[in-house]
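Worksheet: one structure, shown below.
Labels run A, B, C and D following the written order; every chain starts at residue 1.
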Amino acid sequence: MKPFAIGERELGPRRLAIEIRGELDMAVADQVKARLRSAMAENDEIVVVLADCEFIDSTGIATLLLARNAFAERDGRLVLCEPTEQVQRVLAISGLTNDEVVFDSLEAALSRS
Amino acid sequence: MKPFAIGERELGPRRLAIEIRGELDMAVADQVKARLRSAMAENDEIVVVLADCEFIDSTGIATLLLARNAFAERDGRLVLCEPTEQVQRVLAISGLTNDEVVFDSLEAALSRS
Amino acid sequence: MRLPARPEAIPTVRREVELHALRLGISDRGLADLKTVVSEACTNVVRYAYEGEEEAGPLEVEFTPVADSVKVVVRDHGCGIAPKPDADPSLHMGLPLIGALSSRFVLSSERGAGTEVEIHVPLAGQPEPAWVVDA
Amino acid sequence: MRLPARPEAIPTVRREVELHALRLGISDRGLADLKTVVSEACTNVVRYAYEGEEEAGPLEVEFTPVADSVKVVVRDHGCGIAPKPDADPSLHMGLPLIGALSSRFVLSSERGAGTEVEIHVPLAGQPEPAWVVDA
């Protein structure tokens, strides 16, 4: 199990990748929320990279989607990419994968923007 | 038990009272939705009078509140008044009575506009 | 009682349950609560249980007096509790209202086989929950 | 297992349940499903069961192997299932996910006394539901 961590990587002007490592649940949701909030203040596009996110539950998904909705209201774009198997499964069962929200790769996420 | 019916009463220019009689549930939700939609097209303020609404469930409440939200987006105002005991109880338990949504009387509903 | 799970079944079940409960001398509040929880449980069956199937499957309802309460069982042979991403928007108040207006309830869901909810409503009705009294 | 119902209890319970399940030779998918349903049930206890109380009450978890499945019971002694108008916004996916990722579950709620959910997860994990396969 990877310990929880949030990484950031600039992708270009006002474009940021946020990498979630470990497990995204209620125990860390406030940290993620705060980090997304400050990232949203300084960017127009955010890609949340989930390649090292080993676990998510509905609270974790809600944290990402509520940020996405708030960002969209001021024309920001937040998408997810590279979900691990458990994350992909929970997103699919929740009916959240046919939206323009989840992408296989960072490239795919960016090319749609 | 009163049979289901929807009545209308003009309260002034672009101001309408809609009276719900009988039981508001999934069996009649589409009728109510359609009636509210056309009323919303022709008014700026709608008061839904529930004095003769003997029963409501969460589907009935959702029908009214979703119309209210859609109307609010184009600056319309939809409020409820004169809930019967069962309606008041369900609204209260759902946490919907402290909003500026439900009023004891038609006069109170209008005086707040 | 066994009816096709269609919207018009919901008031029919409420009516039937009301007749039974009145014979037991239920209070006004108890009756209001009973009708509300029955309506919520039946609506879930109509709305969710057979989603995507060509024909509406059965909605089954049983009514049993138990001491100072009535027990109502609402059952379907549908998909079991599952996410319904394509359903109409709802307030998500169905089960919470059933919980608030009953003394206890038991929900059993079997994947692909159906859902059953057993609800106990006191003839006297539930007291108001604290957050309503406070308001 | 009995812990105070606070957010940090949720990963602790997942970890503990994972250790038990691995000893039973659970599949990767079964383990993922098990962790998800346990996380949803525990989150509900942390978020809702003791809302408005000064101190977090207990979160109780039991784990039992049953044939080709594991049975997990998550219990609280809180308010019982009820509307939570002041709660943070949620996706309302907790129970639906529990239903989709288990073979069956039973939820028992007693007003003012608490909630218990008993969840059965096959060691092999659930197949994908039809609407995911179709997509």
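Keep this in mind: a contact is a pair of C-beta atoms (placed from the backbone, for glycine too) under 8 Å apart; a residue touches a chain by one contact, two chains touch by 3 or more.
Bear in mind the structure is a predicted one, so any value in this text is a computation, not a measurement.
**Q** Note the shortest touch-path length, in steps, from subunit B to subunit C.
**A** 1
**Q** Looking at the contacts, which chains touch subunit C and subunit D alike?
**A** A, B
**Q** With chain centres defined as C-alpha means, what is the inter-centre distance between subunit A and subunit C in Å?
**A** The separation of the two C-alpha centroids amounts to 38 Å.
**Q** Quick one: subunit A and subunit B, Cα centre-to-centre, how many Å?
**A** 39
**Q** Counting only Cα atoms for the centres, state how far subunit A is from subunit D in Å.
**A** 24
**Q** Which residues belonging to subunit A are in contact with no fewer than two other chains?
**A** 93-95
**Q** What parts of subunit D, by residue number, touch at least two of the other chains?
**A** 83, 85, 93, 97, 100, 129, 131
**Q** Chain contact graph: line, ring, star, complete or other?
**A** Topology of touching chains reads as other, fitting no named class.
**Q** Any two chains that touch count here, so list every such pair.
**A** Contacting pairs: A-C, A-D, B-C, B-D, C-D.
**Q** Which residues of subunit D touch subunit C in the complex?
**A** Where subunit D meets subunit C, its residues are 52, 80-85, 92-93, 95-100, 102-111, 113, 126, 129-131.
**Q** Mind pulling up the subunit A residues that touch subunit D in the complex?
**A** The contact residues of subunit A facing subunit D are 1, 23, 25-27, 29, 55, 57-59, 61-62, 65-66, 85-86, 89-90, 92-95, 97-98.
**Q** Quick check on the complex: what are the subunit D residues that touch subunit B?
**A** Residues in contact with subunit B: 83, 85-86.
**Q** What does subunit C use to touch subunit B in their complex?
**A** Touch residues, subunit C against subunit B: 7-8, 10-11, 14-15, 28-29, 32-33, 35-36, 39-40, 43, 46-47, 89-91, 93-94, 96-97, 100-101, 128-129, 131-132, 135.
**Q** So in the complex, the part of subunit A that touches subunit C is made up of which residues?
**A** It is residues 93-96 of subunit A that touch subunit C.
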